[in-house]
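Structures are listed in the sections that come next.
Okay, so chain A shows up in both of these, paired with chain B first and chain C after.
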Partner chain A sequence: MPQIAVLLTAIGSLIAEMMGKPRGSLWTLIIGMLAATGVAISKIGTITTAFSNTFRVDYLSLWAVIILSITNIFIAVLARSELKNTYREGTVYSLLVFSLLGALIMTGAGDIMFVVLGILISTLAGTALIAYNKTDPATEGAFKYYIYGSVTGAVMLFGLTFWVGIIGSTYLSALNNPELSSLAVIFGFITLLIGIGYAGSLVPFHFWTPDAFEASPVSIAAYLSVVPKVGAIFALAQVARELPVEMLNWPLLLGVIAVLSMTFGNVVALWQDNIVRLLAYSTIAQAGYFLLGVVAIQQNQLAVNALVVFGIAYAVMNVGAFAIVQSCGTQLKDFNGWAKQKPWQAVGMTIFLLSLVGVPPLAGFAGKFLLFGAALDGGYTWLAVAAIINSVISLAVYLRIIVPTYFNEPKPEPIQSTKPGIRLVWISTFVLTIAVGLGLQWFLV
Partner chain B sequence: MESITLPLLSITTFLPLLGTLVILLVKPDKPRTTYRIGIGASTLAVVTSLGIWLRGVGSSFNQIEQLEWIPSLGIAYRMGIDGISFPLVLLTTVLFLTALIYSAKIEKRANSYVMLFLLLETACLGVFMALDLFLFYVFFEVTLVGMYFIIAEWGHENSKQAALTFFLYTLLGSLFLLLAFLSLYLHSDPLTFDMRALIANPPLTGLAAALTFWGLFVAFAIKTPLVPVHTWLPAAHTEAPAAGSAILAGVLLKLGAYGFIRFSLQMTPDAFQQFAPYVIVISVITALYGALVALAQTDIKRMVAYTSVNHMGYMVFGVAAAAALGKGAETSALDGATLQMISHGVVTGLLFLLVGALQDRTQTREMTEISGLLKTYPVLSGLFIVAAFASLGLPGLAHFPAEFQIFLGGFSAYPVATGFIILGLLITTGLYLRAIQSVFMGNPEKEIDSKGDLDARELWATVPLIAAIFIIGIYPDLLLSIIHATTELIGF
Partner chain C sequence: MVYLLLILLSPAVASLWALYSSKKAGYVSLFGGTLSLLASSLLFFKVSNGYSAAWEFSGLPGLPFRLDITYLNTSLSLVVAIVGGLILLYAVGYMAEEKGKARFWSSISLFLASMQLLLFAGDWILFVIAWEILGFCSYLLISTKYWQTEAGEAANKAFILNRFADLGLYIGVFVIILSSGSSAIVESAPATISQFGALSLLFGVMGKSAQVPFQSWLTAAMKGPTPVSALLHSATMVAAGIVLLIKAFPLFSPDMPFWVGAIGGITVLMTGLTAIFSNDIKKMLAASTSSQLGFMILAIGAGSTGAALAHLLAHAFMKSSLFLGAGIWQHGAGSTRFEKLAGAGRKLKITFTGFAISAVALAGIPPFIGYFSKDGILAAGLESSLPEWYFVVALLGSLLTAIYMSRTLGILWKGDVTDGIEKPRGLRWMQSGLILMVLLVVGGGLFLHSMIETAGFHLPKAKIAQISGLVAALAGLTVGWLASFQKIGHPITAYLRNNYPIGGGYHALVVTPVIKLAALCRRLDERLHQFVLKIGQSVLKLSSVVDTTDERVHESVHGVGRIGLTLGDWSERSDEQGINGLIFKIVESVKKMGRQGQQTQSGLVHRELMWSVWGMVAFLMLMILTLM
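Here is the complex of A and B:
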């Protein structure tokens, strides 16, 4: 079980921090994550359950281990460059792994309680990470994240008791029973959606996102944009697999949320001057695209493929973009003339942003291509049309970064050399962004 | 029985990209060296494309090159040519070579400029030779990115705005294309992105066919462009650097035109036949509107840009007439439309290069401010006048055989619409004659002679195109025989 490796890593890096060795904590994280990835890769293809059917080991949950563990390594390296020698640096690594554990528990949930548990673990660890800077905005951001989390969590828990009440067990698979009272199923699903919508920052449960992102260290913002979100969307897919459509037209509901998220995220991002906030809104939009795969999950195999490939693509291009932001600066004006100072980083940022738009042959395109295919095949043409119109708006958003990078005059300040950690991360994600697009075959079932 | 042959198609496609890599590795510090590499790579591409011709183009898809790519989804790297795509390949390699020769004076960030141009060339060649929807789409989108940066960085005063409009507009179009492709794929049996299979056995019927047809239509109408989605074109053409405009008009517009034939006509033939009247109406409006608006321009580059709209109207008219007539009818409409793509590429490409040369000398594009150029720059003016005559459809020059066949084919399908669209010829004749009169005739108002007449570089870029105009005009059969073999086979 790769998840056990993750748990041991979390404890190990905590111990290293308690001994005052943040470096050891970082290395524990890297080795542990690589171990978890290795275990997951060796198991790919197996479909089974664990812990008396409450946890699913399947394509989604194994890929989640691979995607998120590797993402966590990147984020830890970024955090090291950003937070080196700050007070209690090692706790960051430990918290990153704990939060990852929460996300992984969600992605393999075969049981209602695992969804709840996963969201809670991931939220608690996330709150501490957001507050790491110990400034007023950081406290505010963390509070927003925490309070939204506790309220939505409470609502979700309350609603889910109805599910447990009518099905008499906590297994998700027990939901697939046409004799259940549809009202109770609807109520339970909506509350569940509130909890998951919070973790995945879907509209209208996204309000914490921009503030929390802005207040956190940039590396933590990168983490927030990927790990809890991929966890939440995969968890939603695990639930949606079992929900009978006859009882509740949940694909329609999710489709509407998807359109709202995409449109809101992209349109509001058009006005942001802070790149971290801009990317925060862009992640809200990206979560909307992600939902296309969940909507079609019962209809075709393409949807599962789409979720995994878009998950990989989203993780690499988003982490890459945040890495460049960490190197360049968080304001739009910091990017003025960046291409003249660091031409390769400018090319990298362009590739990440175009991949977020979905320009082939990059990773983001491969993901969106499968998502659109899944939506069309499931008969949701309107959803696919809404998604492509949003892709055009998102191009306008990302060009707001690309244009000053190339066409404005650089600031007169001397150029600082890029920290090796940042360089490692952006180059790796850059290569992956291109490789995943071209080597799509390796990631399909 | 398979023998190992040189993959000439892939070599032609990726030679320019190889040039990009060479520039990236060598990092020449003199623009001269950069242009040598760029021109060298694109000359080789012309040579290999001639090699493809020598091997024999044939009527159906041939010289196929195929490699596994994403077998789970029925996607493969498939390349091939037929009589419709090969002339476009030739046009692309020749135009890129002349555009690069013409550009050699640009010293501003020459490395990036040449690299983008070569990348764009690879993408355009890939579009015309791809036999797989996925591969086609990849190349199709890469052209957008390349062109965006060329317009924005090396263009004129309002180039950033124009580039942005171009990018957003055409991205919207290409995303509709993506949906249409996915729809074709999802209805194919067995599931495949192989264009040959989709053409041999068009998978769609009924509502799905109609939706897919209109999805394709929106995509290609924006790219071609047709009225009312043409509004990105004048700005992009006017603001781009001269060589960029030549490529944009000469090659990139053909992506849309080629799409109409390859996808709309060949993959959704029944839907196209059903909706042909609408397309006819739109194309007549496009041709007349383009001509009338061109008449109203005082900026000479904008005027040429709008005549492109007019010519693309004829082109789409030809394709729609072919669709309306259905299989087994006379092929002259489609022959003409295909030839029109080539002749428009050559003529308009040349016109944009000459307008660029003119602007370098007069520092303005306003026709009211220039006069008597024939006396100041006789060679430049002479070439421009020949190109203008070709553009208005003078017999013996490139456009005439193409337009003649389009109208011939159109007349048997829609005589009334043909009557209307021919009015466009009258208007373009008028506007070119007026432009020639005001710009080239008369006496020069003031002495502008900081530069002499066309220099060697400009002559190398323009004379081959002039020669091509005469060759196509006098001996169109050189290309028509290739085109006709294919149109006859596919029956339109």
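Here is the complex of A and C:
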């Protein structure tokens, strides 16, 4: 079980921190994550359950381990170069792993309580990470995240109690029972959706996102944008698999949320001057694209593939973009003339942003292509059309970064050399962004 | 496979490398060319012992890329590699004092790689790709002296005329793929393609091989460095059209050879006349190239691809050595015009000997290589269905060939020696390239017949053809030598010399309409641009409208929130339990939180949470509505 390896890693890095060895904590994280990835890769293809059917080991949850563990290594390296020698550095690594554990528990949830548990673990660790800087904005951001989490969590639990009471079981598979009352299932599903929507920052449960991102260290923002979100979306996919469409029209509901998220994220991002806030709104929009795969999950296997491919693509391109923001600066004006000072990084940023738009042959294209394909295949043409229109709007969003990078005059300040950690991360994600896009054909075979 | 990769990749790698080492670029390219030649010869020996192979790669869906190793492909590749290698050797000397080296060496290496790709291509898509790279290289190489306006114009002219004709190739290839369902190049086709498709292919050939009425780009292309003229514009690239015809020949319907032969015959005669009246040695050679390519097309029209192939191989050696000689004089006299070159032959005797051997060979005198191939074409004319046409035209063509070659020799040898002809620098490199090439011209005739037969083609022979061809060549040589006129001022000859400028020539027929078309496109583009701009403006307006409505909504929601808060107060007082109480309690606590948050920053948490709650309610409504 890769999840157990993750748990052990979390404890290991906590112990290393307690002994005052943040470096050891970092290495524990890297080795543990690689071990978890290795275990997951060796198990790919198996479909089974664990802990008396409450946890699913399947294609989706194993790929989640691979994607998120590797992402966590990247984030830890970024955090190391950003927070090196600060007070409590080692706790960051430990918290990162704990939060990852929460996300992984969600992705394999075969039981409602596992979804709740995953969200709570992930949220608590996330709150501590956001507040790391100990400044007023950081406290505020963390508080927002916490308040939001507690309110949505409370609503979710409240609704789920009814649900469990009516169904008489906490298994997700028990939902697929035509004798249940529709109204109760609707109520339960919507409250569950609030909890998941919060973790995945879906409109209208997204409001914490920009403030929390802006207040936290950039590496933590990168973390928040990937790990809890992928976890939440995959968890939603696990739930949606079991929901009978005849009982409630959940694809319609998710479709509406997808369109809202995409449109809101992209339109608001148009007006941002802070890159981190801009990327925060962009992640809201990307979460909307993700939902396309969930909507079509019962129709075809392509949807599962699409979720995994877009998950990989989203993780690498987003972490890459955040790595470059960490190197360059969080304001839009910091990017003025960046191409003249660090031409390779400017090229990298351009590639990441174009990949976020979904320009072929990059990773983002591969993911979106499959997602749109899955939605079209499942008969949700209107949804695919809305997503494509949104991709076009998003091009305008990202061009706002790309254009000043190349065409504005650089600031007169001397150029600082890039930290090796950042360089390592952005170059690896850069290679992956291109490789995943080109490797799409292979993946499908 | 290793050999094939080496043949293709070593010039390609050299091309990239040459870009980065401009000082040693010549040696880098020479090395790449030699490696390619070595691999090509090894492959040739292997293939001579009966080896053949084909590889498929995934290309377009359903239309895989193929590389074929056959005797035909390999022998053509060997010829290209030999000519290319020798010309690179020569160019080391030629380019010693020229500018633009990096561009030259890189493009010429890329050219070699793509030419080899074209020869080994086993499917039409790969063939078209290689064909297009050839055109691109030709453009780059003609404009090697890009700082000269003339060179740029010549490159544009070559490119535009070629592109225009390439349309034919594209249509033809589409027709082939549509009618056969496969892009593979096959030796025996199950069915022929439509007349339209075949004519389209012929159109593409006419452009690439500079046949009437496209011949004028080749004359203009002479602005490029002489090694380029020798390699691209005589021996290899222009021959790509012939290769296309040979490979596509099995697909043609029985009516087709007539059209092919007609184009070839017209070109042989018209460009032969142009060559006689040229006043520039390179332009003479260019016209002669068109004319000789016309011979090959004539042979294909007569039904003998074997004769065409033989002449293709022979012509490659003869014409490139003629160009190499011309390049040495160009460097010696600083010009390619005949009046400057008069008597130059006596100054540089070794060069003249080599040039003269190749000239006589081209005229068709035994025992040189040209005799065998020309004889094959004449015999093919006799064997064809219309001997009175094909044979007579071919005979007239060889008479013209002999006249213009011997006239050139006469001017170079008999003219008064003008001052200013000096031994150029790098002469040793250039002469070694020339001499090796001339050796092939002298000895190549022995192998020609067996090569053609092994490749699976038939090289016809006939006594009448041999005798009449020899008579025509000798007569032509005599006439040319006696009438080695330098200047002819008559308007008719000027008309012939300038490639028959019908209706104002290339400038009036192509340049002006293209410029007008460009202006039209620009106007359209501007309109479109304005249109897009207007769309953009309206979107902006729309977004500002959305923005204001958004604010309105915010305000109203704020109002609703306030109502909710008062309600909350009220409900707390009434101590009501249940869902409402829970929600209102949340609202109340968020109100407090909001007041605290206001002091630090925005204090919008309550509003945001309200949104979420309303969202939840809306979703609930939506789901319940769908139930009904």
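Just so we're on the same page, the second predicted complex is superposed on the first by the 440 of 445 C-alpha atoms of A that agree within 3 Å, B and C clash if a C-alpha of one lies under 4 Å from a C-alpha of the other, contacts with A are read in each partner's own complex, and residues count from 1 in each chain.
Keep this in mind: a contact is a pair of C-beta atoms (placed from the backbone, for glycine too) under 8 Å apart; a residue touches a chain by one contact, two chains touch by 3 or more.
Just so you know, these numbers come straight off a predicted model, no measurement behind them.
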Room on chain A for both chain B and chain C (clash or fit): clash
Which superposed partner A:L354 touches (first chain B, second chain C, both, neither): first
Partner touching more residues of chain A, whether chain B or chain C: C
Which superposed partner A:Y146 touches (first chain B, second chain C, both, neither): neither
Touching partner for A:Y281 - first (chain B), second (chain C), both, neither: neither
Partner chain in contact with A:L399 - chain B first, chain C second, else both or neither: first
From 345-353, 435-443, 525-533 or 579-587, the chain C stretch with C-alpha clashes against chain B: 525-533
Sites on chain B touched by chain A in the complex: 69-73, 75, 134, 137-138, 141-142, 144-145, 149, 152-153, 160, 164, 167-168, 171-172, 175-176, 178-179, 182-183, 185-186, 211
Parts of chain A lying in touch with chain C, wherever the complex brings them together: 136-137, 140, 143-144, 147-148, 151-152, 154-155, 158, 182-183, 186-187, 189-191, 193-194, 203-205, 207-208, 211, 248-250, 252-253, 256-257, 267, 270
Complex contacts: residues of chain C adjacent to chain A: 543, 546, 582, 586, 590, 593, 597, 600-602, 604-605, 608-609, 611-612, 614-616, 619-620, 622-624, 626-627
In the complex with chain B, residue positions of chain A that touch it: 354, 357, 359-361, 365, 369, 372-373, 376-377, 381, 384-385, 388-389, 391-392, 395-396, 399, 403, 406-407, 440-441, 444-445
